[in-house]
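Residue numbering begins at 1 within each chain, and the chains themselves are lettered A, B, C, D, E, F, G and H in the order written.
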């Protein structure tokens, strides 16, 4: 068994790197959105032409990013969605809903402060964790049946 | 043609009532989540037994609410998701993602302040509006081809 | 909103009647398997001809019952599966798995003794209850947002 | 033609090993649940934190195991479900129902004592066998058209 | 529970009428292909213009009939396919395969002479009967749990 | 049997009226796009606010119209697409492709001049006709088995 | 582009070999049913135990063969179904219907004598050919755009 | 992440070559229809036999080409549809609709003259570009997060 894992959500800490490094040696392939915030915001207009209005500037970029996001979620066996401390992060919750409707195995990663606000998202998940290391431990267990010592 | 519309999201203003009243006379049926905040939070433990930990208290409630929410979205032709001024509203974004993955026609309703934060949600929508009255006008147009005078 | 509910599982107590009577006045339609044990066992050979071997006797009956069972589950919004105190009840667990794979809202009903043995089934459910009255309360809440007083 | 086979059910005998060894030389890849009973029971709390109540202890574990189980069934061409002599084994019947709803080719493996109790599960299967060696013979036949001599 | 039943196959005896009359009083709606042989053969060219070649004459008719056939099968809960004594009846077997792939409940109706030639079709069915009266008895049992006296 | 028919394509002649009037007395319900050209072009900006650029003006309108179009096609048993003498009519061909991918029964209506240019669209259809009256005749035949006298 | 092709139907001539040899050098992988008639008839009882009645003898075999057949069709991009001069060949027509319902590209291969009897099957096909060499030519064209010289 | 891209539409300029060459070094595989106009028109009759009527001549060819086209679109992550200056190009719009209904990521490529006529197609797309080089830039961004310098 090999797993394809999509890492959605917060882009301001190194949680993706922690998981990817921790999972070295496991039969997992990872995909993520573009995590370069500036590139992600401006990709649409940089390639397809400038817009006067911010709404359409954002719109072009969000749609271009959706090509990657949808491919990542649709190919995934497991979708991990991390909610950080800051920002609205509605795209993370949107990805979680998208993954849930496609019956993907969903893992949600967030601190205890967000527990109540994320209760609907957590209710759709197969696991709720606080630390990236727990995600690595789950991947190791799911693939090899080995628990952390 | 008749439309089944699910009204998801913000529960602290009367936007649902505005739409439902405005749409009187149109061939539309509406569904919504339970909008009584206290009932929605406590339904799980009230029916299925108390929990010591807040996480499981919330979990039981969120899952029970999901029976209604999923039925509402899956039956809908159009899903309207409103984001208000306050709170994280991750369940609203989750519903939007769920609806998008099921290829429902999505209408997003929010003020100009949230434009950038909601760009991924808006990019999946067939319409982005600011006022409930615009939703009514769209329903009237979609059903009867009549534009506001 | 109206709900179509399929009542699967144990056939030796009156739990179905309790739910159906309790739900009088709610916009719910119920379906169930044939609960006449003898008819359910013999339907195949009674209509399609006797069999010398018990395996084929059972086989003919089980397949004929499957016409009803699958129709019931596929039409349902909510599948309630009850596990009683006796027998293997593998058909109940089979129905639960079938319903889960079709993304139906699953409610499991069983006493505390079966908690560990049913953990995989419960994990796929949106609610786990012990009493038929709780199912009625959930249906009332899901449909009307009203909690038991 | 190559086959992906998921081996679900009983974990107290070496039937999986018998099939896997017997199928050496055939173009088959096998997947199974985690068959270490203790690890399977405790995986949730070991990774995600202890629970006071046994129900939630079990719940966390069952959901984590579901990531592996669902991946295994969804990837499979053939799902073999074995029912042993002991225990309720509701998870085995649940997997059989899940596989049936996804239109997987289902093989059920059980002794003659369970024939009546498993009639609904058997009715959904393409083959019912008693011995692991028969499963190997079927895989050999399906892949290469060769019957046992 | 109500059933929608599609009656496919042989058109030279009154088996459809027997079933429909026998099922009077049951909550069943029936659909069938056009059973006027001449109309069925010529419908394409009569409406869409003559063809010089018999192949295209047949082709136009078969496609027009497919509008009805596909609607009938896709709407059905139960597809009954009858094979008579004469002709190739490949369209009946085609309908059976089409219904099987859509996971419809399939009932096959044929005499004992065709048993071996229809073994693959029978293997996909939930019931194999010889007489129209048996189909009526099954519908009565599936709907009302009542066996023939 | 009743049919739901979506009438897509050309909006400058009265072909829809001819079909609807011709089908009076048949158990058919019809849906169509908004056929008021000016309303269809401007609906987006009239309801959701003006745009400086024609591309976004068109974009808002096309998306709002898509709510109706997709509902119409997804609900349909039969999709009739008419290509007239003028304009590019790419939306008609788009609807035909959309309907084909959803396995809808497709009827294409066009004059002999467009035969070669429409060969890929015609190849996906169950019938190709030139006159609205032929569509009426087909609906009558599909529903009632009656051919034109 | 590579193609997976399933060769269904008649097993008494060497048409499969002709196609497979003719397609040497093309990026095509082929699958077929077991074409050893005796093995195909007896596989069920040889592996799973003898049956007194011919119906169950056939039934066991047909279901075991279905594991291979369904895998072959579901994995295929193109399903070629050949009808020979003899026998009822209802399994071939069943496979054609199964493939059509799964939206597979269907090629039917038969002599001119069967044209009328196969009109419904042909109507669901993307090509109707008489000779295996034509199938090879089509595969070459579909993959490489090269027509026979 | 690797992408499978189908290049549909206009066949009289070298836009496909520009994209394929520009994407050298990216992890993309491309598929296209047969772009040899004469071969594409005549493939059906060349392989399957001549037709007297042009309609059936075209029909046979269009269906044979559909084997390749559907495989290409169904396998694709991204479908790029280019509309050129000439011809009706209804097959391009048909492919766009087909891709949209399958929820493929759609990129439309056309000059500013066609903006109004293609508004419904553009509304279903995740990006609308004018030049092949923009498609290459988008593929590079989607795969590697790198914007053009």
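In this section, a contact is a pair of C-beta atoms (placed from the backbone, for glycine too) under 8 Å apart; a residue touches a chain by one contact, two chains touch by 3 or more.
Quantities reported herein were computed from a predicted structural model and do not represent experimental measurements.
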item	value
Magnitude of the superposing rotation for chain C and chain D (Cα, nearest 5°)	180
Pair sharing more residue contacts (C-beta pairs) when E-G is set against G-H	E-G
Copies chain D and chain G touch via same or different residues, half shared test	different
Pair in D-G, C-D or A-H that repeats F-H, with over half of contact pairs matching by residue number	C-D
Chain C and chain F: spacing of chain centres that average the CA atoms, whole Å	44
Inter-centroid spacing, chain E versus chain C (mean Cα positions, whole Å)	31
Between chain D and chain B, distance of the C-alpha-averaged centres to the nearest whole Å	40
For chain E, residues contacting two or more additional chains	63, 66, 103, 128
Sites on chain A touched by chain B in the complex	54-55, 58-59, 61-63, 65-66, 69, 83, 87-102, 114-124, 128
For the chain A and chain D complex, residues of the former touching the latter	1, 3, 77-78, 103, 105, 126-129, 134, 137-138, 141-143, 145-148
Parts of chain A lying in touch with chain H, wherever the complex brings them together	31, 34-36, 39-40, 42-44, 46-48, 60, 63-64, 66-68, 70-72, 75
